[in-house]
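See the structures that follow.
One chain, chain A, appears in both complexes that follow, with chain B as partner in the first and chain C in the second.
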Partner chain A sequence: MELTLEDVENLATGALFVSCSVDHESCFNFHDRILSMLTSTDKVARLVNFEDMDPDDLVVVIGFVNKGLPLTELVPVGDEFTTGISLLEQELGTRISAVVPLAAGNVNALVPVLVGLQTGLPTIDSDPMGRVFPLLSQSTLNLAGLSPGPFAVVGATGDSGVIRVTDSLRADHIIRAMAAEFGGWVATVSYPTSAARIQDALIHGTLSQLIRIGKILNSQMSTTDKYSSLSRQFGVRRLTRACVVDVEGLSRPFPRNQPDHPTSATLVDNVQGHIVRLEIQNEILLVMIDGAVEAVVPDIVTILRTEDAGVASLEDLWIGNEVDILTMPAAALWYTPEGLRLAGPDSHRLHGARRRKR
Partner chain B sequence: MNVGLCLGPQTITAACMRVGSPPTFSVLNIAGDYSRALASMLKKLSRVNAIDNIILDVSGILQQSPRLAVTSIRIAPRKPLDHHNERREEYLVPNTVIYVCGGHNSLGGELVQLDESAVRNIPQGSLSRKHVTVSAVGALINPEHEQRVEQLLWDIAGPASVVLASSFTSTSFRDREYTAIVNTGLLEAADQLSSDISDAARLHASEARLFFATNDGGCLPLRRLPLVPVFGLQSREATTLGGAAHLAGVTDGRVVVGFDDKVCLADFADALPVVRERWKSKVRLADSTDALPLVRERWRSFEGPHLATSHANVLPVTASLLSGSPAPRAVVQVGITSARLEQFGLSVTHYVDHDPAALGAATAPLSYWYDQYVTVRNARDIEKALADAQRLATARLVASGTNPSIVRVSDSRVMGSTYGESQVVRIRVRATAPLAEIRLEPQLRAPNLPEKAGVNPWN
Partner chain C sequence: MTIRRAAVELADLLNTPDFDDVTEHHRMSHSHVVRDVAFVTDIEDISNVGPGTIVVLDESAAHGGWLLSGALRYAWERHAAALIVPDDALAISVLELAKRLDVNFLSSPRAMSRMVLDIAIGIGRLQAATESRIITLRQRIEDAPDIVTAVGLISRELGGCLVQANSSGTLIASAGKPPPASQSARVTSSPRPFESPVELVALVPNQQLEFAHNALNAAVPTARIMLLTDELEAIQKALPLLSMVTLTGLGFARSMQPDTDRFADAMHIPSHKPHVAVCLLVADSSHDVALFSSPVYHVWRRAFKGSPLSRMDGGWITFLSVDAVGTATSDAIAHTLTERVVEPLRAIGVAVGISTIGNDERIASDLAGEAWLAAKVARPNAAATFDRISQPLLSRLIPRELAQRLVGVYFPRLQADSQFNELARCAVAYLDCVGSVSATATRLGLHRNTVQARLRRITELGVNLTEPDSSLTQHLILTAATRCDGV
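Right, the complex of A and B next:
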């Protein structure tokens, strides 16, 4: 499938919907770069499935890992992933055939499309998270026992290297430390694996799902109709519309080796009088209404602007601002005992938080 | 008496606030010289009562200089690979971009050395008597590279002005640079405007203190206008809604204002409009009556840059916005036609003949934001940083002649940054003081300190 300009726009909107916490500008920035290449060159962005691949094709997972200055401050110059791909090809002595996003959410959902335009490599319509989790190790590839290394890293200053590591948690610690040292982020090219082997370890159809979500949100439908469509097609639930009354930093203990402090936001539903609590650490992890858990990681939680159903960001959580809070189920794999152990509430120190039975 | 003045291209609207009396409005059509019209208005008002404070909404006449060009120096570790990866916003203020290697990380350490030779090698023609902005990666934590380049520019090139992007708070490099460029484009007009206003006030209200209304619903001393005009660029929305809220007696909750051609709303908390952090701007070009987008996009782009200023969250009313939200506390109709309000099923609670913006200016509180990123090790450090910020914010208002007993800290927050360094947090504190309650004793008046651009609008 060749991605159209409209597909790219919808992909960006869908990518923000499932991961609204990171500043949206980096997503817009990559969207604009893709559109620049699509409109001024004869290159095409290809989205493919594993049926289109040869079982022996070498596939890699690509995406940014952050700790420090954000992509909006330390802006990538454009050669980071092509350099990383070349480094890994040299290391392995094999050509790479296709790329997979590190996460189907926010800027990492767009990265493979841009890299595909730069290199001619197709993007596979699959990913190892089906959303965005804070840690590299919180992926289906880890659940499947695949080795992340050797992987290539490239930083904002142009520093680069190849790391040979087999454990994904160890890989996360190394990459996160390098991200801080490189200034704020690293472009990673990891999990070099054959198509046949990696296929069973990924969640499929996730980018095309983002495009469909974005198509609904970018449509001319009324907000009510948009919410109905999202509910019907993707199981999205609008939990509440509420007004921010407090934001508190460093609000609870947090796991070591994760970037950023936890933040809590308290909101009030001024119509029903409900008290709403959001627990945030990199992503929105938990929603409580009047003390009952309504959504908790791995559930996807997102916030929309009330005026136009546009995706809001954590910057909109200023005192007095009103937002709609929605939740959407993550991929089924994340609700298995193994999935919950790796990326569920306990892994985020939200011990015992379980969604209220509905 | 406090006077709010709303300056427009054709008219000056005044609202006078006296303790214990309802506000009064005056409108003056401008025929000929602007400063004479302003002097005439002040002369007329000062006959009624002595004027204590004059707060001006200048957004209606603040314009970009039409022939101004800006040289933008971007300090970053590397320059974009090609034009696809280059930022493509086309500012109405023409700007030439020069890349210089440098920048700091989020803990303030030097990421790469500043390439001073690149600055020295810039052709003199690009800098001499030119307006220059300097933006560096990581400058919010450590502005050293911006400052060194600024010093070099003054030493070797003699630019007309230098604005450092770190004067404006945003985690977006693009937004800080953009705000610096827009601010630069307004400097000339703001300088002339504040000079005209000061001259008029000296003649007819020499004891009055002068302020300008800001985008967030507050106000700053007029002496800051020639330095940070961008903070008053879009104050009209805030003053309009603020005036309507004052007329309706609303301090908390939602206020809707209907005009003949539009309906908008804002939420209020403790008599202040709720703010958002960044704002996508429209500005007027000189000699143009239409508001033009500052960003011209060559293709459909999601969003252009934002101005890094706090602004009142004034929104056009939509059905979606109203459904599921609490009913507005007041619906104010300006003028006669309420058809637009009826479209949304809103019943008018208050009518007003005049645009309430002048009243909003008259009631805008003196306001100071402390908004900085700080390095902390533990919860105690965070508490200390918050307390320091609150003390500084209060001190700024007191130094401007405010009685400490009426200073209120209306916002005081600490936040981590998503996927950022856990040692770096953002401290954001707002202190306000109502001008209506300020009765200055001569000994409390602020000293005339030398001005310089700083990290925030008051420095």
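Right, the complex of A and C next:
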């Protein structure tokens, strides 16, 4: 499938919808670069499935990993991933055949599309998170026991390297340390694995799902109709419409290795007076309404603008602003005992936060 | 860790110097009793606490606003008495949630492990004081001469609040006044065969509810014994009367042997002074009369202490001096009995019959018979005098079940008709109106043609309403068969 300009537009919107974070700018930046290449060159962005791949093809996972600094503060030059791919090909002595996004959300959902345009490599319509988690190790590839290394890292100033490591958690620590040293983020090319082997360890159809979500949100439908369509097609549930009344930093103990500080926001539902509490760390991890847990990681939680169902960022949580809070179920794998152990509430130091059964 | 304690008022606990360092961030709009204290070190443990528990949240379980929000929610769902957290854990958003959920929310700089022990000690001390008051009250009630005094003692202990003793829905004794915005504490004695349970009710301010409940619980066994004692005394005094009742031939207490020479004295009827026989029957014959003995004896004693009631099949009978009633006509006597006996016993549904006035003990059995007949025709919750029994009332002497069986014998085709009730009422009205179709139509609110059609149908079903010899029988049976209960 060749991505059109409209597909890229919708992909960017869907990527922001499933990863409500502070930094939307970098997503827009990559979106603009892709559109520029699509309109000014005859190159095409290809989205493929594993059926289109040879089982022996070498596939890599690509994406940014940061350590406290958003990409907008130190804008990527644009050759970071092509450099990383070359480094890894030299290390392995094999050509890479396709790329997989590190996470189907935010800027990392767009990275493989741009890299595909730069290198001619197709992007596989799958990812190892089905959303965005803060840690590299919180992936289905780790659950499947695949080795992340050897992997290539490239920094904003051209620093690069190849790391030979097999443990996901160890890889997380090293990459995070290098990100801090390289200037705040690194471009990673990891999990070099054959198509046959990596296929069973990924969540499939995630990028095309983002395109469908973006298509609904970018349509001319009314806000109510957009919510209805999202609910019917993706199980999205609007939890409440509420006004921000308080934002507090360091609202709970700092989880180990997490890139950002815990924060919480308190909102009040102006109609029924419900008190809504959001616990945030990179993403919105927990939603409580009147003290009852309504959504908790691995549930996907996002906020939209009330007037047009436009995707809002965490910066929209300013006191007095009214937003819609929505939740969407994550991939089924994350609700298994193994999935919850790796990326559930306890891994974010939200011990005891359990959603009520409906 | 949960320490089990009995119920005390949260306000009583906190208003002691031991808890001066506790800050109340939100106090519930109504008072709350405390039964337990729980020390929670893991947020999920709150989901197991019982109602009335003070939840003390350990520092480790209170680290983070979302944990406090969750704790408040659990506390609200579990009807906890209060949530106490370390001062350091407070956040404005959490205070708002406490107000919204209306949960008692407190904080203290004290170590929470120390706090839970101090609360446990405080609850124990208050519980001991409460039990001491209850024991003292129970002893005073046991020394009381009667249930009226006992109820007064309970009311005084509850600060003059309204306290009532009831039996079978009948008010036996009452003392005090209801306070504003009161709630009721209600305790009933355990039901036993052939005994009406005693119910004690107190209307008290909400914060006294728990204590009132305990006080009533302590008093109810004594109240029950007091009522049973009243009943026993009444039965002892009435024993000679039972023998007299046998003489009337109405079938009461046939095993008793009469002792006619001593009747006049036993009946407390001054010789040659006017008196009436009075019969009380429970209107719903399916009830066992013994269940209502306590309230009936009590109400009767309150109204006419010198004239003991005697139990008989389906009710009670006695002889009442006209002087004791304070009036000389049977209608006035009926009015007094309605006021003093029938109305207080309205919950039971008693029919009272009054004989004609006599002044010779030798005709006592005749008077008893008159009173019984009058009671049989009286409506529930009403008094009837023998000399006022009218012909229409006589149909009430035939029980409805018997009348329905008689209809089946005499008028089987009429009874089998699907419109039996309408046809029977038409027949009764037609006989009442001495055969006038127009008057019957007016009385039933029907058109003449409808009445004529029904009369034709009645005749087709084999009932001839024009024969003078059978019209009285037809009237009595059909009236009794179509009579509604309670009318």
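The definition used in the following text is that the second predicted complex is superposed on the first by the 356 of 358 C-alpha atoms of A that agree within 3 Å, B and C clash if a C-alpha of one lies under 4 Å from a C-alpha of the other, contacts with A are read in each partner's own complex, and residues count from 1 in each chain.
Rule of thumb we're sticking to: contacts are C-beta pairs under 8 Å (C-beta built on N, C-alpha and C of every residue); 3 or more make two chains touch, one makes a residue touch a chain.
A quick note: this is a predicted structure, and the numbers were derived from the prediction, not measured.
Q: What does the overlay on chain A give for chain B and chain C, a clash or a fit?
A: On the superposed model, which is not a single observed complex, chain B and chain C fit side by side.
Q: Give one of first, second, both or neither to describe whether A:Gly273 is in contact with chain B, with chain C, with both, or with none.
A: second
Q: Touching A:His351, do we find chain B (first), chain C (second), both, or neither?
A: After superposition on chain A, A:His351 lies in contact with chain C alone.
Q: Who does A:Arg95 touch here: chain B (first), chain C (second), both, or neither?
A: The answer is neither, since A:Arg95 touches no partner chain.
Q: Touching A:Leu286 in the superposition: chain B (first), chain C (second), both, neither?
A: Touch status of A:Leu286: second partner only.
Q: Quick check on the superposed pair: does A:Glu73 touch chain B, chain C, both, or neither? Answer first, second, both or neither.
A: first
Q: In the superposed model, does chain B or chain C contact more residues of chain A?
A: B
Q: Give the angle at the C-alpha centre of chain A formed by the C-alpha centres of chain B and chain C in the superposed arrangement, rounded to the nearest 10 degrees.
A: Once the structures are overlaid on A, chain A sees chain B and chain C at 90 degrees.
Q: When the two structures are overlaid on chain A, which partner does A:Ser264 contact: first (chain B), second (chain C), both, or neither?
A: In the superposition, A:Ser264 contacts chain C only.
Q: Touch test for A:Glu315: chain B only (first), chain C only (second), both, or neither?
A: Once the two structures are laid over each other on A, A:Glu315 reaches chain B alone.
Q: Check the superposed model and tell me the shortest C-alpha distance between chain B and chain C, rounded to whole Å.
A: 12
Q: Which parts of chain A are touched by chain B and by chain C alike?
A: Chain A residues touching both partners: 248, 262.
Q: Going by the contact rule at the top, pick out the chain B residues touching chain A in the complex.
A: Listed in rising order, the residues of chain B that touch chain A are 76-85, 87-88, 103, 105-107, 111-112, 137-138, 140, 171-175, 267-269, 274-278, 299-303, 313, 315-316, 318-321, 323-326, 379, 382, 411, 413-422, 425.
Q: Please give the residue numbers of chain A that touch chain C in the complex, ascending.
A: By the definition above, chain A touches chain C via 245-246, 248, 251-253, 262, 264, 266, 268, 273-275, 277, 279, 286, 288, 290-293, 350-354.
Q: Please output the residues of chain C touching chain A within their complex, sorted ascending.
A: So the residues of chain C in touch with chain A come to 42-44, 63-67, 69-74, 76, 91-93, 96-97, 100-101.
Q: Mind pulling up the chain A residues that touch chain B in the complex?
A: 5, 9, 12, 21-25, 27-29, 31-33, 35-37, 39-40, 66-70, 72-79, 134, 156-158, 180, 183-184, 222-224, 241, 243, 247-250, 258-263, 270-271, 281-282, 306-309, 314-316, 318-322, 324
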